[in-house]
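What follows is a set of structures to go through.
In the two assemblies presented below, chain A is common to both, partnered first by chain B and then by chain C.
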Partner chain A sequence: MSAPGAVEPMYQEQVMEFPYKHSTGETVGRFLAGLKEQQTIWGHRVAGQGVVVPPMGYSEIDGRGGGEWVAVKDTGVITAAAIVHHPIARLHPFEQPFAFVLVRLDGADTALAHVVRDDLGKVKVGARVQADWKPDGERVGSVRDIAAFRVVG
Partner chain B sequence: MQEPPKEPVKYVEANVYLPYRYIAGDYRARAMHGLKEKKFIGSKDSKTGKVFVTPLVNSPESFAPCTEFVALEGRGVVTTFCIVNIPVIGRDLQLPYVAASVALDGADISIFAAIQECAVADVRMGMRVEAVWKPDGERTGSFDDVLYFRPTGEPDAKPETYLNRL
Partner chain C sequence: MTQLRNVAVVGFAQAPIVAHDPHRMANEMLYPVVREALAQCGVERDAIDYQTAGSADYIDGRPFGFVAALDVMGTWPPRQDSHLEMDAAFAAHYAWIRMQAGECDTAMVVGYGKVSEGQPERVLNLQLDPYYLAPLGLGPLSTAALQASAYMARSGATDADFAACAARNRAAAARNPHAQVRDPAPAAALQQTPWAVEPLRQGYVAPVGESAVCLILAAEGRAEAMCRAPAWIHGVDQRAELQSLGARDLSRSASATLAAEKALAMAGLGSAADVDLVELSAATPAEEMILRESLRLPAQGDGRPAINPSGGAIAGNPIMMTGLIRLGEAFRQLSGGAGEAAVPNARRAIAHAAQGHCLQQNLWFVLGRERRWS
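Take a look at the complex of A and B:
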């Protein structure tokens, strides 16, 4: 064969997939069990941070473990939002436009990362939201047992 | 209700999904097109004359450019191998199978290949093998065009003929 010249370009669509099984541990594990079995969002009152949701089992301020379990409301306020106008298949959780939001739930001092799917025009910092729960029997012990947050009022 | 359930959820499953477009580039594209024609394309070190397959743009040994291509038939010798007993995701070969290093005739380095059509216990260093290709019309210019390698039945190659091509 001869020296290099032009060659028809060649490409391939490829996918890299990493299936993960995260061990949740005692604290997050009970938080998730609360979503599934009680339809309740639990936080942890820890030194220096108030009520942390989701709970981590220790204080980020002084590293101390433990804390008191506190049930917080499933209503709250958006503290940050990013609207995804063009979701990418399988990379994002939905195919229709949605918003990633941080929600500070009533009774909590930190914000939970979640999504809003409807009324994206009303998504803004300060907007009040309420959790849309998956029905009994469909909750599996995942943060997605809360199907989404809905803007209210 | 003072506490969350005593029994924690043990784990959550998640899947990281990364779609991307692999662009072969000049030399690799030639190698892929070659597979469609049942050829392994190598490139020749312009200084030492060594043949690298799949083709390299520059020699990692002499740093000289590899400016000439060579087309190799899918025949060669098993230089080293291992028996695989653990399934690999995305590879549906029946276990156990042999993953081998095959030095193609005319090449100075080896490629990886699965050896089939013989018992795993019969695979040995120096065994002559040949590529089994996908049928005409089904080859797309992909490494999947080579189904596997199988023994040719020729006498084994002597170690000195492949010692430097491991």
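Take a look at the complex of A and C:
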């Protein structure tokens, strides 16, 4: 029961929209260009942290910059997995159940966050995966130029 | 360490944690708890030197919403104020630092947020970087599930262990009138609940919750006049770590471990086992187990210290307030206000707050019924 004098709840709907166009900068830009143009996954070898994928342009561990770009493989191992059984519209990339995964790619020392679409029963820490790329002409310079990862063993 | 001032929690009030309060705006939820906390201390707001808030505009969908909350806290006479877009427990730490600097003797700390009016998974997706993580659609439940899977793989913890942890917290919450989830459930029943995001089940995480909280801090000399049994802060520390999820060992929390060591050392305690109760901002069983390890306590089970006598964040997790509520619960326990949830003879407590995805940033308070420095 409402308190005396209280009004019944009413609502005012509001949708806020603030579009942004973020520069991808030097480091992220080079990584994304590799996905778009060459189907290459670039890592950044930095002091104190090894080969960082995705790259930050510096060592997150000791802050030192520099380092060289190295290509890593598009195969790797799952280090963490979360299966989304009830995708959320306009947030999640798929309408059907899928998995978020962290993948340490072969040649990398850190893990890339990504998704797995199929064979969700095989998605577990330690499973090997391979990237499925979007076809030529559909890649735009986004982490989602890799359509998803597929469990291969 | 140079001479530190004794600072205590002297008042705490909170609105019940509810899934949705349809009758009140955020400011209206905040107003009564501000009045109640001041009344507990027997003062009006002109007795407060400094005020600070933890809230996030994205949560309320009211950009610069903290400006509207200022009038509830106090803007007249003109006063010292600040705002953190973090759990309000971090604002309490900030107030403690300002007291150590001698800039104020009393402080009001509030936290609020009407998370039910938006979509938290979408809103908190924006906490992640816009290039590598946000475009995938990750939200806090999904990142927490990633952390849970990493913890299970490293420790061997099972779904049944998570269920047991959730059941313990829910049993405790049944004794806490301020908790949101107050119906106890056996572990076996929780293990039958649907997946939230696997490996986390809906029974292991709190539903959406909103509240408003107000905590009053005072330094020695003022605290004794405002509270019969102040909860003195003996140690405090906070540490952050990498935002990159894939560059961290998600099965552990290095920042929680280091901050706990520093806070315990400041308190002059050898270990967390020297306190009577611990209140953790653990939103999932995996987070609780990781945080227990950070305190070098067994990852699971009952005993001393009591873990989450309030039921913890699994029984009520209002974003931006969960950590400050942990500090408030520690105050209730030490000052004799915990009612049925009281831990017998509680003399020392630990309160924890976290911020960011996967326990990225951690804050620990160690509190006691005795003054620490003199």
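The rule we apply is simple: the second predicted complex is superposed on the first by the 133 of 153 C-alpha atoms of A that agree within 3 Å, B and C clash if a C-alpha of one lies under 4 Å from a C-alpha of the other, contacts with A are read in each partner's own complex, and residues count from 1 in each chain.
Assume a residue touches a chain if its C-beta (ideal position, glycine included) is under 8 Å from a C-beta of that chain, and two chains touch if they have at least 3 such contacts.
A quick note: this is a predicted structure, and the numbers were derived from the prediction, not measured.
In the superposed model, A:141 lies in contact with chain B only, and not with chain C.
In the superposed pair of complexes, A:54 makes contact with chain C only, with no contact to chain B.
By the touch criterion stated above, A:152 is placed in contact with neither chain B nor chain C.
In the overlay built on the shared chain, the residue A:34 is in contact with chain B alone; chain C does not reach it. When both complexes are overlaid on chain A, the residue A:126 reaches chain C alone and has no touch with chain B.
When the two structures are aligned on the shared chain, A:91 is found in touch with chain B and with chain C.
Of the two partner chains, chain B is the only one that A:13 touches; chain C does not reach it.
Touch criterion met: A:42 reaches chain B, while chain C stays clear of it.
Looking at chain A, you'll find residues 2, 9, 14, 16, 20, 22, 24, 28, 32, 88, 90-91, 142 touch chain B in one structure and chain C in the other. Within the complex formed with chain C, the residues of chain A that make contact are 2, 6, 9, 14, 16, 20, 22, 24, 28, 32, 49, 52-54, 56, 60, 79-86, 88, 90-93, 100-104, 110-115, 124-126, 142-144. Across the complex, chain A meets chain B through its residues 1-4, 7-34, 36-38, 40, 42, 69, 71, 88-91, 141-142. Taken together, the chain C residues at the contact with chain A in this complex read 22-23, 61, 63, 119, 121-122, 125, 130-133, 135-139, 142-143, 145-150, 152-153, 194-195, 197-199, 242, 244-247, 250. Contact residues of chain B toward chain A in the complex are 1-24, 26-30, 32-33, 41, 67-71, 141-142.
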